[in-house]
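Okay, so chain A shows up in both of these, paired with chain B first and chain C after.
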Partner chain A sequence: MISSLKFKVIIMKKDENKLTSSLFIVPYLIMFVVFLIFPLAYGAYISMHEWSLIGGKGEFVGLANYMEILFSDGTSSNIFMNGLINTLIFVVLSVPALVVLALILALLLNSLPKRIQPFFRTVYFIPYSISVSIIAVIWLWMLDTNSGLVNQFLGNFGIGPIPWLTDTNYAWFSLVLATLWWTVGFNMIILINALNEVSEELYEAGSIDGASPWQKFVHITMPSIRPIMLFVVVTTTIASFNVYGQPYLMTRGGPGTSTEVLLMGIVRQAFELRDVGVASAMAVIMTLIIICISALQFKFLRNKEGV
Partner chain B sequence: MKKVNLLRNIGLIILAVFFAIFFAVPLIWMISTAFKTDMEAMLGGVNIIPETFTFENFRYFFEGANSDSPVFRWMFNSLFSATMGTLIIVSIDAMAAYALARLNIPMKKALFAIIISTLMVPWVITFLPMYMQFSQFNMLNTYGALILPYSANAFGVFLLYQFFSTFPKELEEAARIDGANKWQIFMRVVLPSARPLMATLAIFSFMTIYNDFLWPLVATNTPEMRTITTGIAIMSQGSFVSSYGKLMALTTIATVPIIIVFIIGQKHFIRGITQSGIK
Partner chain C sequence: MKKLYLLFTLVLALVLSACGNSGTPEEGAESSEGSAATGGDASTVKLYAPFSGPDGENMKQIVEDYNGSQEETQVDLQIVPQTDYYTTLDLTLSGGGEGDQPDLMVMHGDQIQTYVENGSLQEVAPLLDGDLNEEDYHEKALTGAEHEGTLYGIPFDIHPLMYFWNKDLVEEAGYEPDFVPADRDEFVEMTQAVSDLGDDKHGFVVPTLWPQQFIFPTIVYQNGGQLIADGEVQYTSPEVTEAAQFLHDLIYEHQVSPTNVQQDGELTLFLQGSNAVMLNGPWMMNQLEESGLNYGVAPVPMLGTEQEAVFANSHNFVLPTTVEDEAKMTAIKDFLGYVAENSMEWAESGQAPAAKAVYESEEFQDMEFQSNVAEQFDYVQFAPEVADWGPVSDPLFQNLNEVLLDEKEVEPAMEDAQQASQSSLE
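Here is the complex of A and B:
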């Protein structure tokens, strides 16, 4: 009798408990639904309609927008394919540079005397705190063909003037250079942390076996930091895939549309051609590509690791 | 042996200085140009110290007669939205993470799985529908548009969840015996110990909002509602396209505060980065 009464009280208390506990998560859930889940669903919905920026919703067209982008030879297909190829070029050029230089900087910082490490770390990392439009403006000025510091400096040696931003090949170099200057510090910080986690005992054991610094790096350091390297490669790839500000401001996608990246193409499709339906379909395809590439990288790099 | 070490150290320091120059020169050049006349800037040369030192470029912005580039309004917009956004993110994320980690709420596992899976979703897919949403509710060019969209991110929930799930249960238990309710336990016992992590999340969120580019670019189109980032972008393609002295003064005004915040908060920021990477 008493025990069943006790049981009832506990149940009632539990319900009330659940209610007040739920209040903790309600504010976040509202934001989560309104600004993430709903836009996700809405984006998919828009992508299956004719939808103009001005006129609003038109007919339901199913997957026609996707077909147009992937299999037709029209404007939107050209914008998408050109953007995708240029984005891939940027990814292929920037990711190795961003990972390798970050590793070099991290190794360099770690072998400096302890007292001066924080100074150099801060200097290398400061550009990361500056926003993309300022980065772009600074580099526009640095790389200005006539009065930029770089060409003025090279001019002293009789080189140039080099068209850093108006020739396609140099333009890619400039975009990667500005990106490298801006974000390599971020990867460097992650890798410094990874290097500090490698156990000292392994290095000592290596020294006893007479391993050279290079052997230690290949056989001890690299295997130990591989999981973090994986993280760095994947996040850098995703970030490079989402590149927008640098080409938008530094080359304006030019010369012609030779450096117009995918995100710029989507924005053009939506806001210049005012075709939100097709632009949304482009965004969905781009999302799927990004998710696939990061999944593949995880799989590939994991397998190599033998996990 | 010692001599070899010394030589090695000198070599490494020279290399470190070389890289430091690479990272510092563009910033030094920006500040240097800001104090030059447009004429001297356009003439080129590699002189860091201006021949004719001028405050004219800065005065242009401080006098406030320039309706096309209200730079202090832009700075206010950026600082205000970043601060408000950060406050919202830190408070709702902390409560949500605590509920998910420690409280008894319905469908806890499913909710957690859904929220965490959105960490994989790149933001490109939400920005167009979000633009349509804000435009339909006539909320473009408002602070709501500059603040609210950032509050749905799952990163903070994920970060704090990891901390709360390892928080010692005994401390909560002790407070409960003393008669504290859930809210009091959360505010007085759990949150104070999460302070460093919340600072990390705060700096992370602040920088994300302050530095964001594409969203504020499409979500605002009046000079008064631009953020510093989008304002500079517009000016660099408009009035200042050949006036590098003014453009560099503008970027100097915009850069210095954030670099100061950054150097002060560096420790938390670095911890935030590494924590986001390890787990």
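Here is the complex of A and C:
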């Protein structure tokens, strides 16, 4: 009698647990569907129609919008191709810098005395919490060719004036620099946590075997933090693909259109040309490209790990 | 069990708070409808405007004064930030919620063509019936609100390009502090004199991006040229290429401007007191007043070769096609009549109202800044009469940007721009 009662209680508890855990998932699931799945599907639906911001839905055109973007020589195709190339340039320049510098900062910070670590962690993380419009204005002022702080400082050494934002090569450098300052703290925090997770015993064992600091880094640290590295690389790539605020505010896509990125083009197509159909098609292609690149990164970094 | 209770309470709280949130705007809407109900629905005019800067306060004041001045009509002013303004209009006009449709909108002159062509605007002739007349406004302001000869907007203001100068710098260069050049030669001579003062002094810092959208057309029109004529893009015409060459020469030949001027670079230098001349709009007034600079303002001098002209945009009141109700029309007319007589408050924002009752008044003429803005009314030129002037003209200003950064020659740049603008026009 007593045992069957116990059994009942256990079953009830199990059910309760299931109910409890599903309840915890429900809010996220609702958000996920309402704010991610639905807009994605709706975007794909719009992309297969003639759809003007003001006229609303037009006729179904199948893949014609995609064809126009990829295979025609029209305005929207130029906007897309130019934007895609410029976005890829930004990704290639910014992602390695954001990951490597974050790792260096994390290693440096971890070797600091425990008492002053929180201070530097905060210092490097603060910019991440500032809005991009403020970041852009700060750098716009600092990098001003003719009146900015940076060029005035360099002028003391007889260097410059350097056209930080009006020459294509320097402009890319400046955009990456501003992005680094803005977001490197986020990657750094994640990597610091990863470093702290690495078991001390491994390092002790390494020391006993006479490993140099470099050997410890290559053979102990890197393999241990690889899963987190994968996460950092993938999220940074996605974030860099979505670059918008920095070039929009700092260079206005200039000189000419040489720093006009994909999102600027999509926004132009959607809200200036009021062509939501083609703009959505652009967004869908961009999403597919991001998914492909992320998949490649997963494959590449996982294989190395041997999982 | 206790845990489960806790969870239920939590979920309940969440659900309730969500309801509470979604309830708030509804309540807000109800209360505004409630105030409408007291005066009857037709007597509430929903007005949309893009004035999210300091000028929003002036607009609010006008509306408040009007609402307090009479009993019949209440204007419900909705200010939408400039950057989202036209997107918001697009969405509400193409079938937003019932109560959200505007009855009256403030619209830039260069947007009217677009909205007429997509069928969102009706002509304003029914509003002009004796109490409100075309003659109440400056003639040029009316042409800026026309599309193929039909009037689609009641003018509110005209904002042309203006000439700002630093009196101290001009004096330092050996001129009277109030000196304004009469023609291109005097302009180049004076700005060179300022640039000769030293490496950190500039006669006229030439912007490479905004506000070239106002400066470049001004010189083109002063050259007697056109940007688009009869549906044909004119960028390769001698008047247009000459304007581009002149701006390029100011930087690289006359050297009155530093090279590599970035976004707002000319403004930064002007505010620092090392740029003598800035061409910008009347909307700069508040910022310049706050800077404490010893500056002057004047109509843009002759920088072209042929005729007096200045590029301008305008604010107009436009009627969506959805407004049909007689009583509502009467209410709108009453409000616009009030604005025509009482928009001195708008002048306080630095703008020059286009209503004669205001800009011809003594009070207005005594305002040094604003009266200079209105002085240019007679010869303003607006954007070409095409839909989507913004995106159509993008290639022009992108190529001009490269010319002014010395990355592209004038001729090929204007040819590229011509081709791109022409194809987006078609």
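Keep this in mind: the second predicted complex is superposed on the first by the 269 of 307 C-alpha atoms of A that agree within 3 Å, B and C clash if a C-alpha of one lies under 4 Å from a C-alpha of the other, contacts with A are read in each partner's own complex, and residues count from 1 in each chain.
Following the convention adopted for this analysis, contacts are C-beta pairs under 8 Å (C-beta built on N, C-alpha and C of every residue); 3 or more make two chains touch, one makes a residue touch a chain.
Note that the structure is a prediction, hence the values are computed from the model and not measured.
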Inset, instruction - Have a look at chain B and chain C on chain A after the superposition and call it: clash or fit. - result: clash
Inset, instruction - Return first, second, both or neither, reflecting whether A:Leu140 touches chain B, chain C, both chains, or no partner chain. - result: both
Inset, instruction - Using the touch definition from the top, say if A:Leu273 reaches chain B (first), chain C (second), both or neither. - result: second
Legend entry - Most chain A residues touched (candidates chain B, chain C): B
Inset, instruction - Could you tell me if A:Gly254 is touching chain B, chain C, both of them or neither one (first, second, both, neither)? - result: second
Legend entry - Which of chain B and chain C A:Asn193 touches, first, second, both or neither: first
Inset, instruction - Could you say whether A:Leu40 touches chain B, chain C, both of them, or neither, answering first, second, both or neither? - result: first
Inset, instruction - Have a look at where A:Thr20 lands relative to chain B and chain C in the superposition and call it first, second, both or neither. - result: both
Inset, instruction - Tell me which partner A:Leu263 touches in the superposition: chain B (first), chain C (second), both or neither. - result: first
Inset, instruction - Identify the partner contact of A:Leu29: answer first if only chain B is touched, second if only chain C is, both if each is, neither if none is. - result: first
Inset, instruction - Considering only the touch criterion stated at the top, classify A:Gly210 as touching first (chain B), second (chain C), both, or neither. - result: neither
Legend entry - Colliding region between chain B and chain C, picked from 78-86, 114-122, 312-320 or 366-374 after the shared-chain fit: 78-86
Inset, instruction - Would you please give the residues of chain A that touch chain B in one complex and also touch chain C in the other complex? - result: 20, 27, 140-141, 144, 146-147, 249, 252, 271
Legend entry - chain C residues within the chain A interface of the complex: 1, 3-4, 7, 11, 14, 86-87, 90-91, 93-95, 118, 120, 202, 205, 208-210, 258-265, 268-269, 272, 274, 388, 390-391, 394, 398-399, 401-402, 405, 407-408, 420, 423-424
Inset, instruction - State the interface residues of chain B toward chain A in the complex, per the touch definition above. - result: 9, 12-13, 15-16, 19-20, 22-27, 29-30, 33, 41-46, 88, 91-93, 95-96, 98-100, 103-106, 111, 115, 118, 120-133, 148-149, 151-154, 157, 182, 186, 207, 210-214, 218, 228-230, 232-233, 236-237, 244, 247-248, 251, 254-255, 258-259, 261-263, 266, 270, 273-274, 277-278
Legend entry - Footprint of chain B on chain A - complex, ascending: 14, 17-18, 20-22, 24-25, 27-29, 31-32, 34-36, 38-40, 42-43, 46, 105, 108-109, 111-113, 116, 120, 122-127, 129-134, 136-142, 144, 146-149, 151-153, 156, 181, 185-186, 189-190, 193-194, 228, 231-232, 235, 238, 241-242, 244-245, 248-249, 252, 263, 266-267, 270-271, 276, 279-280, 283-284, 286-287, 290-291, 294
Legend entry - Complex contact set, residues of chain A against chain C: 16, 19-20, 23, 27, 52-56, 74-75, 78, 140-141, 143-147, 161, 163-167, 249-257, 268, 271-274
